[in-house]
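A, B and C are the chain letters, set down in written order, and residue numbers restart from 1 in every chain.
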Amino acid sequence: MKQGSYKHSKAGIILRFLLILGAVFSLFALDVFKGSVDIPLERVLRILFSPAEWLSETGGLTLEQSGQRDIILLFRLPRAVTALLAGMGLALSGLFMQTLFRNPLAGPSVLGINAGANLGVALVVLVMGGAAGGFVATLPFGMKALVTGAAVFGAGAVLGVVLLVSRFIGSVTLLLLVGLMFGYLANSLVTLMIHFSAAGRVQAYLQWTFGSFGATIWNDIYILLPVIGVAIFLGILLIKPLNALLLGEEYARSMGVALIRVRMIVIVVGALLAGVVTAFCGPVTFVGVAVPHLARGIFRTADHRTIVPASLLLGGATALTADIVSHLPGQGGILPLNSVTALLGVPVVVWVLIRSRAGRSFI
Amino acid sequence: MKLIDARSIHTGYRHGFRGSVTISKHISASIFSGEVVGLIGPNGCGKSTLLRSLSGLQSVLDGKVYIGETEISHMSPLERARKISVVLTERVHAGHLKADTIVSLGRYPHTRLSGGMTAHDRYVVEHSFSAVGAESLRYRTIDELSDGELQKVMVARALAQEPQIIMMDEPTAFLDVTRKVELMDLLETIARTQGTAVLVSSHDLELLMRISSRVWLMDESGRLHKGTPQDGEFKSLIRNVFRIPAHYVSF
Amino acid sequence: MLVEVCELLKKVVVGSSFLLLTVGSLQPLTALSVEYAEGFSIEERSGVTLLNIHPREFENYNSITYALVEQDKHQGIAADELRERLSIESNESELQIIRIPIKKLIPLSTTFLPPLLMLGIDDVLSGIDNLDYIYSQKLRSIIDKRDIPQVGNGPSLDMEQIVQLQSAVVMANSTQGEWNVVPKLKDASIPVVLNGDYLETSPLGRAEWIKFIGLLCGKGKEAEKHFKSIATRYTELRQMVQTELSENTERPQVLMNRPMNGRWVVPGGEGYMAQFIEDAGGDYLWSSDSHSSSLVLDVETVFIKALHADVWLHQYGSTSLQELSQADQRLLKLKAFQTKKVINNDARTTEAGSNDFYESGPYQPDLILADLISLFHPSLLSGHSLHYYRFLE
C-alpha cells in the first residue's frame, strides 16, 4: 500500500479513538443519570454542576431533594468512577498478560492472582467471624476493611511467589503453568471451605463472587484511583518494551530489552491492577481477557502505542455498559455483574474477532 | 577495526542447579569491521550456540567476549543492542504488525523512553528499507508477506539498529533458491557499502563461500577452524568435516 | 322392687364406668391441631398420630408422614402394612414409622433444643451438632455434665458416633445438597425426622413446632399447653397494640439490615420479621411486598427509603455505630443513625458467635414482640427491658 493509504488509516485510527472516547463519556453519563431510583434529568444536572448543591446541608433542601443529591453524589458517581477505573485496570492487566505470555487466552486471572484474592476473602468470610447457627445469613461487618485487606494480601502473596519463581525459571510458558496451578490450588481450597461452611456464610461469599462496582465509597476510590493511575503510567512506559516483546523474547533482548526486569515490572503492574480491582469490586471476569482482543480487532494492529490507550478506553466502556445493564431491572432489582459482562461481551468479541480474521495470529 | 574478540571461551548451557553442558571449548576468534564471516558446520555441532554467545543472547561458561574494549557481560542490553543486532531463523509471529512498525522497532536502543521517533530515526528506517530493497513492503502487514519478504524486513530491522555487526543464524533456511541468492547478495552489499560486519551461519555452503571474506568451520566436536574461501587446504578440511566426496562440490 | 332398681343402677354405673375407663384409657394421643404453622399438620387414625410435614421449600421431599406408633402397638410392622391398616391412601406422601416416645434424640439444629428444656425432656438429648452453636448456659452445662457428644452436621456428620448411640433418632432441618443428611442416615438404618420450623413465615407458626417435638417425645399435651400460653401472650400483646394505636397514631417506619457489595438485602413483606414488625405497630418499609423470602435490592433503592426510617433493625453482625460508620460513611445520613435508634438482635450472644435470638427466640415470639413494641411505642410497655435486642452505641 502506498503512503496515501497509511495516512488514511491514521485518520481512521483517530476517528475510532474519538468514537470510543465519545462512547465512554456517554456511558459514564448514562450510568450516573440512570439508576434504580428515578431522578429527573435536570435535577441530576443541577446536583452535578452546582456547588450550592454540594455544600448545602439538609436545611436548604427538602428531604427528598437531599436524598436525591446523596444518591447521585454518594452512590452513582462513585459507582460510575469505580466502573471506569476497574474497567481500565482490568483491560490493561489483561493486555499485559497476553503480551507477556504470548497467549490470547491470558487475562488478569492467569497468574492465579485473582484466585489468591478469592482465597483471602473466602478465608475471612467463610472461616473466620465465629461460628454461626446453621441458617444465620449475615456477615460480621467490622470486616469490610478486613475483606478488602484479605483480597489484597491474598493477591500479593501469590504474586510474590510467582515473582520469585520467575526469577529462576527462564521460560515464560512454565511461568504461565505455575500461575495456573496456583489458581487451581487456591480455588480448590476455596471450594473446600465452601463445602464445610453453613449455608448463610456461603450465601455471603457467593454474593461477593458476583462482582459489583457499587461496593465502593469515595474513601475507597481515593485508594483505587492513585493505584490505577500509577499502573497506567507504568503501562505507558512499558509500551516500548512490550512492542519489542511482540517479536519474541530473543529478538526483544537483542534489541536492548532488559528482559527479566521488564518481565517483573509487567507482572507486578498486571497483578497490582488485578488485585486491587478484585479487592474493591470482587472478581470481575471477562473484561481483562476480552477487551484487548476487542481493541486489536477494532484497530487492526498489535502496536501497543495504539492498543494500550485503546484497551484502557474500551475497558472503561465495557465496564460502564455492564454496570448500566446490571441496574436495568425495575424496582431495585440487580443483576450479577459477572453474568452481564459475559452475556453482553461475548457476542461482541466474537463478532469483532471474526471480522478481523484474527485466526492466523492474535498479535 | 576489531569489533568482537572472543578469548578462549567455552560455550554451552547452564541447567539451573544441575550444572552445565559444554558444547565448545577454548574458542578464540575475532570479527573485524566490513567483513563477512561465514560460519559453517554440520547440524548440532554448536554453531547456534556460538552465535548466541557472541551476540549476548547467551552467556559463556568460561572465558570472555569483548565488544571493542568492553566485556560483553558488563554491558547493559541497550549498549549491546547498539553494537550488535541479530536475525534468527524462525518466522516471527506478529501478523497484525506492519513491516514499518517492525523495522522501526529496530530503533529501540536509540529512541527515548517514550518510543517517539525523531527525524533521524525515520530517516534510518527509510534507508534500511531501501538498503534491502523492500520499499514496496513498507506498509504491508506481516501475515501478508512471504518468507523471503519477511526475512528482508527482519534484515532491515537489524540494519535500523545501526549496529557495528549483524549476526544471522541460518537466515536463508526457509527460503527458496532465488530468495537465498538475493539475501546473501544483500549481506555482501551491506558489508561492503555500510562497513557493517556480518556473521552469518548457513548450510548453503556454496553461496556462503561466495560472499564470505573469512570462514569459520566448526566440526562435530565443537572445535573451530578458521580459514578463507580461497585456501585449498581449508577447502579440503571442509569437505572432510562434511564428508563430501571431492567430485560433488565446485569449491 | 327397690333392690332390683339398685342392682340395675349398680350395673349401669359399673358398666358405664367400665366403658368410660376403657374409652378413657384409649387416651387418643392427641386432640391436637395446628393453627398457625403451615409446614406440618396433625392427624389421628386408630390411635396412631400422623405427623405430616410439607414445608414449601424442602427440596427432594414433597411431604412426609411420620406415623407415631407407641412401642407396644403394631409390633414389627412395615410402613406399607401400617398404611393399609390405617387406610391411608398412598399419595406422594412418604410414610415413616417412628416409635414413640423417643428416648434418645439427636437434634442437629439449636432451635430444636429449647423445647426440650421447656417440656422437661432434656434427658432425651443424646447428641448435638456443635457446642459452639449453643447459647443456653443451662443446655451447655447439661451437655457438659452428661458428656453429650458433638456429631456435626451436613458433610461433616459423624456417622460412627451416631451409630454408637444406638437407637437414637436424628432430627435434621436441611435437605439441600451436601447438607441433606437423610440419605446417609437411611443407609445406616438410623431413623431421621425432618423439622422445618425455620421455613415458617409467621412468628406463631414457628413457635407451634413445639408441638411437633412434643408429640415425638411423648409430651404432646404439655407442648400444647406451652404453645397455648405463648400464643395467648402474643395475641394479647398484638391486641393491645391494635387497640392502643388509633388511626392517627404514627407508626414508626422500620428499616432492616445493611448494605453489602453494592446490594442491600431486606426481608420480604410477608416474611417472619415483617410480621413481627407489623404486629408490634411498626411500619415496615417493604410491607407492601408480597414475598416471604428476602429481597436483593440495589443500595440506592433502599437508601432513599432508609433516609427517613425511624427505627433501624439489624440482624447479627453489626457491633457498634462506629463500626457502621467506618464500614460505610453514607449510613451516617440516615435519620435512624442520627437519632441513634439503631438496634441489633445480638444482646444475647456468646463469644463463639451463637445468638439466642435464633435459639430460644422462635419459642418466645412474645418476648421478641414485646421488645419490638417497646422500641416502636415505648409508652405502651414502659416497664419492659429489652431481652433480645440492644441499642447500638
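In this text, a contact is a pair of C-beta atoms (placed from the backbone, for glycine too) under 8 Å apart; a residue touches a chain by one contact, two chains touch by 3 or more.
Because the structure is a prediction, the values reported are computed rather than measured.
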item	value
Innermost chain, where centres are averages of C-alpha coordinates	A
Most heavily contacting chain pair (counted by C-beta pairs in contact)	A-C
Chain B and chain C: spacing of chain centres that average the CA atoms, whole Å	84
Chain A and chain B: spacing of chain centres that average the CA atoms, whole Å	43
Contact footprint of chain A on chain C as seen in their complex	108-111, 129-130, 132-133, 153, 155-156, 173-174, 176, 178-179, 198, 257-258, 260-263, 265, 294-304, 307-308, 315-319, 323-324, 326-330, 333, 351-355, 358-359
Interfacial residue positions of chain A with respect to chain C in the complex	35-37, 63, 66-68, 70-71, 74-76, 79, 129-142, 144-145, 195-196, 199, 204, 207-208, 210, 212-215, 217, 219, 282, 327, 331-334
Chain A residues touching chain B - in the complex, by the definition given at the top	1-3, 5-6, 102, 168, 237, 239-240, 243-244, 246-248, 250-251, 253-259, 296, 300-303, 305, 358, 360-361, 363
Contacting residues of chain B [partner chain A, same complex]	16, 55-57, 76-82, 84-86, 88, 92-98, 100-102, 105-106, 108-109, 111, 113-115, 139-140, 143, 161
